[in-house]
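These are the structures in question, set out in turn.
Paired with chain B in one complex and with chain C in the other, chain A is shared by the two complexes that follow.
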Partner chain A sequence: MLDAETVVSLDPDVGYIHRGIEKLAENRMYFKFTPIANKLDYIAAAAWEHLYISCVERLIGLEPPERAVCARMAMVELQRVVSHLFWLGTLSMDLGQPTIFVWAMRERERLLDVFEDIMGGRMTYGWMIIGGLRDDLTPGQAARILAELDRLEKVLPEYLAATERDGLFRERLQGVGAISARDALAYGLTGPAARASGVPYDVRAHAPYLRYTQLGFRMVTRAAGDCWARYEVRRDEMRESMRLVRAALALMPEGPIRAQGAMTLRPPVALSMATPKDGEAFVRNECPRGEGAIMLVSDGSNYPSRSSRSCARG
Partner chain B sequence: MTPRLLFLREGADAAYGRLASLAGEALARPLFLALLALALFIAVALFATFGGWAERKLIARIHSRRGPVFTGPLGLLQTVADMLKFLRKEIIFPEGSDRRLFALAPVLLVLPAFVALVVVPIGSLVIASSQYSLVIALALLSMGPIAMLAGAWASNSKFSTLGGLRSAGMAMSYEAVLALSAAGVALSAGTLDIAQIAQRQADMGVWFALTQPLAFALFLIAAVASVERNPFDLLEAESELVGGWKTEYGGVYFSLTLLAEYGKLLVTGCLFASLFLGGWTDAGGDLGFLAKVLVWAILMFSIRASAVRMRMDALLAKVWRALVPLALLNIVVTLGVSFALGGG
Partner chain C sequence: MSEIPAGAAAAQDPAAILAGIATPGKGARAFAVDRKRIVDACAALHRAGFAHLCLITGIDWRDRWEVVYHLVRLEEPEPVVLRVALPYGEARIPSVASVWPGAVWHERETYDLLGIVFEGSPDPRRILLPQDYEGFPLRKEVLYGNRS
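Now for the complex of A and B:
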């Protein structure tokens, strides 16, 4: 319902996102679900790939080697930058300005090329495997990431200036769509949207995984809760993520990329995967667009007996 | 006072004379008018075609893209190809639409732009001269939103209706600014004839853009709004209203709306050049006038590529709280200065 230009009420038409993913998971061996995990959020696939893989690893009790952990962290955080670039582009598209959209997509494209080089795909990867990585992150690839980050750090302020110095841009966002901290909690908002409403909640800080504690993750929050606050949160998160990528690459030691018992898809195929015992595992990650959670229940076979995932998005 | 036909350009007068000697005085006038109308149509169509191409190319470069490249050299024929496509499309009338009004609205939209070019000087060529050409031109410009509202209502679609209402709401606000800022210039020149306003600047030796800077700025803003481009493209707003008032229009009707858009761009460009930049009267002559209109078009294209769409409420608030009072202030100051100088 519209009152002139104000949306007074609306009827949410929910359910379109339900794709029967859980049932799909129950009909596959653990490793065969990885491509589907990628498609849970195909513009931030690395985050969901990591979430799923780390859940299986917890179920099995398999600890990936340090090198793999640091490489995963670098890619997951780089994925956040890519996801937020996509957000920046589509935001300006919604505001009727395709210029920033094309610029943001151009930078995203360069990072997608890096993804293709390292993880074998632009959008969906299958790079992380249960117990480690399919391919190593070579020093040359690490240098390429750093070079791209240098470039991005140089051009990003230009793009942001093009938007932030524009009074009309601010006017479109400031005071619009304000969500109070109470409402944010009531609606179950997570991710950047919750943090922009003054809810200091980030899985990376509250239930740290990977090496967030060690690298001193700094949570970004804003109090206002409007579109501008959400803009600021994502903008600062991009900067924080770029710092974390650098730190994770610096932390990455020499060593193996697969743990004993890790399953590879490379021939000769040795299905020597450690089989999960009866039990269940629940893992949460801070995905770029909000908290992601996967629960797996095992009955001791190669197939999960139950799985559920939840994704609260802002 | 009835407008009289007057061709400021010697070439046009000479051509009319030759035609009169060939076809006789009685036939010459309607024949010449018909030829003139055809020439005007071709001129606007060419401007729309290549203006559209230039806009795409320029915006593409700002986006760091290439724009059209495949159709003709430098993609020059892209808009021609698009036109051909539009013309071959089936005309679809939405269910429950008012067919007659639906078909009439785009025509109503195109007409004023063409008619306005009869009174607005195109370089030194003034087809019909009138003491009130400025008023006539502004009145014709303000007919656009009425046609849009008609088309929107006839479409029987919520997106069209919202776009049409926005267009009406916007028109009511920016037109006041457009007229008031033009009034500043008219008062300063002491005439409502656009050609004479241009001439007056040559007499004074200075552009009204410099002596009437406030009116210049206000006119610029209001004119951007009247050609419905960013940041004032609320009535189309593809990310909010699909296609705004023209959501339901396709094929030849859609191409008419595009023609109207560029026709309006041309009219406001000619107004801009004559009212504020001295028109054709300075050293550059007609070529200089063309250059001024092109500067105007490039300015419009660049603004479109760099501004975000404004919010309706913010737009109305800005216009009524800031622009209209400023335009009124400008008129008061103009009057005060001219009285002080003893001109009266």
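Now for the complex of A and C:
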């Protein structure tokens, strides 16, 4: 409901987008759900692929080797950069800056090419497998990531400066849609949107996974809670993510990319994948749009008995 | 009223839960709660700092329902888990929307897919499926392929 140009109430309706993800999960062996986990957020598929795979690994009690952990971390943080570039582009388009849209999408395309090289697809991957990685991240590919980061770190400040110089852009964001920290928590807001309202909640800092502690992850927050604050949080998160990608690649040791006993989709197809005992696992990750959580309940077979996921409200 | 079958843990009251989480070290972080006390338990934990409701979901154990709550305090990494067992014939539990307004969406989804009714909810509608949809697809009685 509107009062002049102010939205005073609304009843969100997501439309008929339900795809029966959990029912699909309960009717597949664990490893066969990975391609669907990618589609939980196809703009940031690596984040959800990692969340699902790490939940299965916790259920089984399987630790991926260090090289795989560092490679995963580099790719989920690069995925955050890609996701935030998509946000920058579409936000700019909506606010009448098609030039920024084209520039942001161009940079995103370059990184999607890198994803295709490393993870086998531009949008959805199946690169992480239970217990490790399907393919190694080669030194040549790591160098390619670093070269792309060199470029992006040079051009991105120019794009952002152009965006921020635009008076209309600022006017449409500053002081608009302010959300208090109290409301953010009460309504379950997470991710950049909650942090822009001064809620210091980022799963990477709150319950660190991968190597966020070792690499000194720095959470970005703002107090104002308006659209401009949300813009600033995502903008600064891109910089932090680029730093983390470099740090993760630097930390990546030589070694195997699959844990002992990890199955692979490549021939010979090993279906000897470890089957979880009765039990359940609950894992949270900081996905680009906010907190992602997956709960898996095992009945001891190699099919999940119950899966549930909580989506980000970002 | 049908009995909750064996296998469900003995329910604990809010004071016992608060005492349990106050114990330093690796204390239990999952608690069984009676459905009549779920709002009290959530309100007590909310007052104790569990400001973030991460997930409400339901499980069909074929002989009972279970509603599971994952609650997060920003100051500590481990969530607290509340589990409420419901008799199979009575898929009803009080809504905790009075504690976290955002609980409504979780509860609507759990109703939509499993048919567990959240009594006293300010908005009990389905959330994902069409309003005139019949049945609850995540129930084990609903077959998909040759599995449920």
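One rule holds in what follows: the second predicted complex is superposed on the first by the 309 of 314 C-alpha atoms of A that agree within 3 Å, B and C clash if a C-alpha of one lies under 4 Å from a C-alpha of the other, contacts with A are read in each partner's own complex, and residues count from 1 in each chain.
Convention: a contact is a pair of C-beta atoms (placed from the backbone, for glycine too) under 8 Å apart; a residue touches a chain by one contact, two chains touch by 3 or more.
None of the values given here were measured: they were computed from a predicted structure.
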{"item": "First (chain B), second (chain C), both or neither touched by A:165", "value": "neither"}
{"item": "Superposition-derived comparison: chain B or chain C, residues of chain A touched", "value": "C"}
{"item": "Partner chain in contact with A:16 - chain B first, chain C second, else both or neither", "value": "second"}
{"item": "First (chain B), second (chain C), both or neither touched by A:154", "value": "neither"}
{"item": "Residues of chain B touching chain A in the complex", "value": "59, 62-65, 162, 166, 230-231, 233, 237-240, 305-314"}
{"item": "Touching residues (chain side chain A, partner chain B) in the complex", "value": "2, 4-5, 92-99, 102-103, 106, 162-163, 166, 168-169, 171-172, 176"}
{"item": "Residues of chain A touching chain C in the complex", "value": "14, 16-18, 20, 22-24, 26-27, 185-190, 199-201, 206-208, 282, 284, 291, 293, 295, 297, 303, 306, 308, 310, 313"}
{"item": "Footprint of chain A on chain C - complex, ascending", "value": "51-55, 57, 59-60, 68, 70, 72, 74, 77-79, 81, 100-103, 105-106, 113, 127-130, 137-138, 142, 144-145, 147"}
